[in-house]
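After this come two complexes, each holding chain A, first together with chain B and then together with chain C.
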Partner chain A sequence: MFSYKIVLVGNFGVGKTSLIRRFVENSFSEEYLSTIGVSISKKTIGNATIMIWDIEGHTEFKPIFKQYLMGAKGFILVADLLRQETIEALQNHIDLCYAVVKDAPICIALNKCDMPHEISQREIEEISKLSPTVLKVLKTSAKENEAVEDLFLTLDTRIKESIKAD
Partner chain B sequence: MSQKKKTDNEEEALEGALSPIVNRLIDKNFEKSGDKIASQMAPLIGGAIREQIKSQKDDIVDALYPVMGNMISKFVTKSFEELLNKINQQIQSGLSTQTIKRKLKAKLKGVSETELLLEENAHAKIKAALLIHKESGMLLTKVENEDANLSDADMLASMMTAIRSFVNEWVASNQEHQELGEIEYGGNKIIIEASGSSYLAVIVEGAAYTKTYNKIRHALEEIVLEYGDEIQEFQGDYSQLKQEEIEKKLQELLFKESDTKNKQAKENKTHPLLYIVPLLLLLFFAYKSYESYVDESLKDAITHNIVTTPALSPYAITIDVEDKNAVLKGRVPFAYHKELAYKKAAEIKGVTQISNNIEIIPTLTDPMQVSAQIAYLLKGLNLSSANRLNYTFDYKNLHLFGTIDSHKQKESLLKELSTIKGIENIQDDIIVTPLKINTALYFGRGSYKLSPLAQKELLSLLIKLKKKERAPLLVLDAYSDMIGSKAKNTSLAQKRMQNIIDFLKTYDSKLTFKSYVHHNPPKGVDPQKDHDKARCVTITAKEEK
Partner chain C sequence: MQEKLLSFICQKSQISYILFDEDFHITKTFLNESKIGSDIRETLWEIVGFEEDILREQKLEIPMILRENEYYDLFVEPFSNKEKKLFIAYMQQKSKDTHSYANVLKEINKKTLIFDTSDEKKESRYYQEINKRLLTLHVNSEGKITKVNDAVTYFFNTQNSALQGVHFSKLFTPQSSKKEAKSNIFVAKNSFGKEIFFHADIIPLKNRENKIVENIIIAQDVSYLKEIEKELQYAQEHDTLTGLPNRHYLLRAIEYREKPTIALLDIVSFHKVNEEYGAHAGDMLLKHTTSLLQSLLEPQDTLTRLFGDTFVILFESEKNRTYIDALVNKIKEAMHKNPLYYTQEDIITATLTTVVIETNDEPISAKELLKNGEKALQREKLLKKS
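This part shows the complex of A and B:
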């Protein structure tokens, strides 16, 4: 029996809540309902219960964000392929996560890949080099259910390994 | 690995620093010699300890918790120093030991006389207790009464942790040093008792008095004393945690009070009839107890059959058997479960009749979870802007009141609330008081670059705008420090405003602007004295077009 917490971090509107909904209840909605504060979901995979914290998207820094990140075993950082500034913000999010939980693994979702977008393989590689803790960078779509499982399961596998190793 | 080593070293250092205090505290009984303790502790505070306390609050709390309970965690925060300073002052000003003793006692116990009286007649019922990992919010273990109906304890634990973070963060930024102590809902209460790396959330029905708090504190003390290390090291693997043992400790919390009460009740009930017709009664009791033995074993058999059915095990279904008639009670989400429970009961031989009083509640919701969910929605809104929202929740009926700064926020709040199952009626007395947009940005001399501070201001402006139902026309007024030529200042003013507009537009291309250049500083600013304040662009909103 395992149980751990992960947190999704990213600017507002990038699709954090949508990715979680896709993963947890396999559904999607076009409507944008901005998350207020934090919302928590739960998903069981095998013998692990994952508590997934969805925090409101942010551009400014609030001390409370740190509190939400505390105790997480891994992070999913989300950016929107259609908004360059959300990709540029990734570095900040990585720094914040690192400051709170050192060495926690990170998966990065470049979301909304179902829409026409431009991103080169080189740029993706650069993103994956932002930090040695980055496990994987994936182009995802919550809408078309692309790479969503991969995103969460990659992180789950790594976290389980690290818990067992302890 | 290296982290482990570090904590080991820290622990050693800590032990060295703490053992003198702890030993002395254990030696001396606090109640008997409060004044002595005060004089012993006061000099220690002045030295190295103070630094330690600042940097390793959680460790200290854990180390001292078993000795002095929650009082310590309050001490370690600001009031620690304050209280001791006060004691010092009193000693110095020559108060009699008697007075100090009394004051200390009252302060340490935090009890008033009326409360002591009330306590005698109090009956608080502890329905459930959750032990939660403080940092991550993971549920370590829980116990509950059969009528507690906790539908999802993992979720509750995480939510409680989020709420604690909200409240504690808010409190911290307001300089009052106190932690979230309890959340109330309907006639129930969640009492929170925190140690360094874990906390207990205890769900109590009815009024809670000092006795209840002490009991909770005591339970946590024992757990921290025995399992503190394990809890601190908890990484998510339950096999590393002596869950069952901890559960046993918590279980005491549920039963003790009522058990001792029953015992007392029994002792008082020695009926005189017992001496007059002993034989009759004996027979009667023998028969009754045989009957109740049969009923009891039927009840056990049915209970077993139901709880071992996986589809039914999450739901608290209670079974009563009297005269071989079984009554099923509880709440389940679907008719399927109700029928299944009936079937499982009917499989037991010897039952003559089954009344299926199980209620079907389309979405099994826990009032406390509902309330917790509402609480954090509102706390979130209250934190993020000038909102002052409040609520009362009496299961299924929600009353909202206070102020919010936009219709859009209010709508999204109501929408989110409507997705919470378990709220049936919303009485909405929220008043919308629009957010005022009024930002001033300052620039360096001869510069039109946006400073990091200015960018931050603009981002918070954007967030405010995001909350409005319709983006207003933004009016920019650029003011001048009147140093240099008019032409130069005009060009600077225009560049400053363009920079602001460009910045805002990258985030929201739909914004509209109107800009004005002024050749004077803003009202009330003397350019001679305050030229920093004079080089400024203000942004205000024009709501009505």
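This part shows the complex of A and C:
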């Protein structure tokens, strides 16, 4: 058995906590309570325990605290399909993650896909090209449990491969 | 003794602590004694990922961790012990004020999120998108720039400060050359030196005395309209079959010449070609004649198709009559030597009727000159027939 850390990064209100709650507890709440500081959940998959850091989202007045990203083996970047600015912020989040952990694998969740949204396949392809270490860009819904497992498991598989290789 | 002192201090300051060794096994804890010997990472999940840093004796500080509705800061650092290398992780519980602060932030975020997904926000975003494409300049009563938006600095690839005090006319020139004509179309060169056409709306800002104190100029890129205008003008002034300029173009071009000289050329019995071989052969002959004429003319001379089978050459002003007559003869000869090979069997040789019209010192309009030319050509054709 071994443990590793991943961090969910994104603007506030994009659904980071909801994605974690869906993955860890298979539950969902409509009520929005923003995360202040950091809250850690854990989930065991196979022979590994994932420590999932749910950190305070980036806001106009409060940047993401770099210390929370240290020691992570991978990142899940989350954007809200209904708020364009959260998608535009992805590049900054990638830069921040790499400044702390170089070349860490990244999965990107375009969340709230259960709501009517406007994003083309070309835009999704462009997002996937934001960095060469982006493994997957998925349209997710914590509410409808869409692609949530795929999101976490894709990252888990890549991290386990890299730990094995080391 | 050291550990007893630690317990005392921690109790006094409401700090919880755990001592652990290099294998991350707990040696002492405020928690249940049964935890001793277990892996600290099973208790303190925060440590996962930081193992190497801790063993390198780097101090670790993670603020504002939320667990079971309580906030605490975590610190990990080496703990001096003579017998064994140890580390201490201590957690300082946050005060009630921190909870109040967190609740305020949560409330702000909630309200911001509601606004972010509202129609009001969407609308303001659309306006922002529009503004990004519009150049906005504040210009004082002297015409000097006092303020610009990001679209302007981006367009000229310069700093905001570099544009302050610059006269508007230094950057934007009216498109119309006629002074009396008031035009809202301006031209400005972008950072790549390309001329861009703008439609500018000028909004005067007046003070209480109704005096204009400042103008806000909103300029919109209308280059695409200029492109359409150019295309339309080209279509209006060119012949679709041969691609040559037509009568409209010729009339405009003649007006620009001081003493214009023109030569009119007409294909003899062109209608017979159409009747005998069909309209397609007629079209081919016109194209063939065009390329032959183009090959013999100098770039300064203008070849146009007036109508049907009549072509007009407008000569450069300095060309004298001897040169023109020699050229016309050369054209006739070339036409004779270079028939149109319509099919292997059908070889069409065309001849030309030509007249040259010069102007003297008396002013003559383009229309009159052309009319004179057409009359002379008609006479020449009749003469040839008789």
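The rule we apply is simple: the second predicted complex is superposed on the first by the 161 of 166 C-alpha atoms of A that agree within 3 Å, B and C clash if a C-alpha of one lies under 4 Å from a C-alpha of the other, contacts with A are read in each partner's own complex, and residues count from 1 in each chain.
Rule of thumb we're sticking to: contacts are C-beta pairs under 8 Å (C-beta built on N, C-alpha and C of every residue); 3 or more make two chains touch, one makes a residue touch a chain.
None of the values given here were measured: they were computed from a predicted structure.
Contacts of A:93 after superposition on the shared chain: neither chain B nor chain C is touched. Of the two partner chains placed around the shared chain by superposition, neither chain B nor chain C is touched by A:158. By the touch criterion stated above, A:73 is placed in contact with chain B and with chain C alike.
Of the two partner chains placed by the overlay, only chain C lies in contact with A:82; chain B stays clear of it. With both structures placed on the common chain, the touch criterion links A:143 to neither chain B nor chain C.
Of the two partner chains placed around the shared chain by superposition, chain B is the only one that A:63 touches, whereas chain C remains out of contact. After overlaying the two complexes on the shared chain, residue contacts for A:16 are found with neither chain B nor chain C.
Taken together, the two complexes place residues 3-5, 12, 33-34, 36-38, 40, 42, 49, 51, 56, 59, 67-68, 70-73, 85 of chain A in contact with chain B and also with chain C. For chain A in complex with chain C, the residues that touch the partner chain are 3-5, 12-13, 32-40, 42, 49, 51, 56-57, 59, 65, 67-68, 70-73, 82-85. By the touch criterion stated above, chain A contacts chain B in their complex at residues 1-5, 12, 33-34, 36-38, 40, 42, 48-49, 51, 53, 56, 59-60, 63-64, 67-68, 70-73, 85, 159, 162-164, 166.
Remark: chain C residues 41, 45-46, 48-50, 53, 61-67, 71, 102, 105-106, 109-110, 112-113, 116-117, 125 touch chain A in the complex. Taken in their complex, chain B has these residues touching chain A: 133-139, 152, 154-155, 158-159, 162, 165-166, 168-169, 173, 235-240, 376-377, 379-381, 383-384, 412-413, 415-416, 456, 459-460, 462-463, 466, 506-507.
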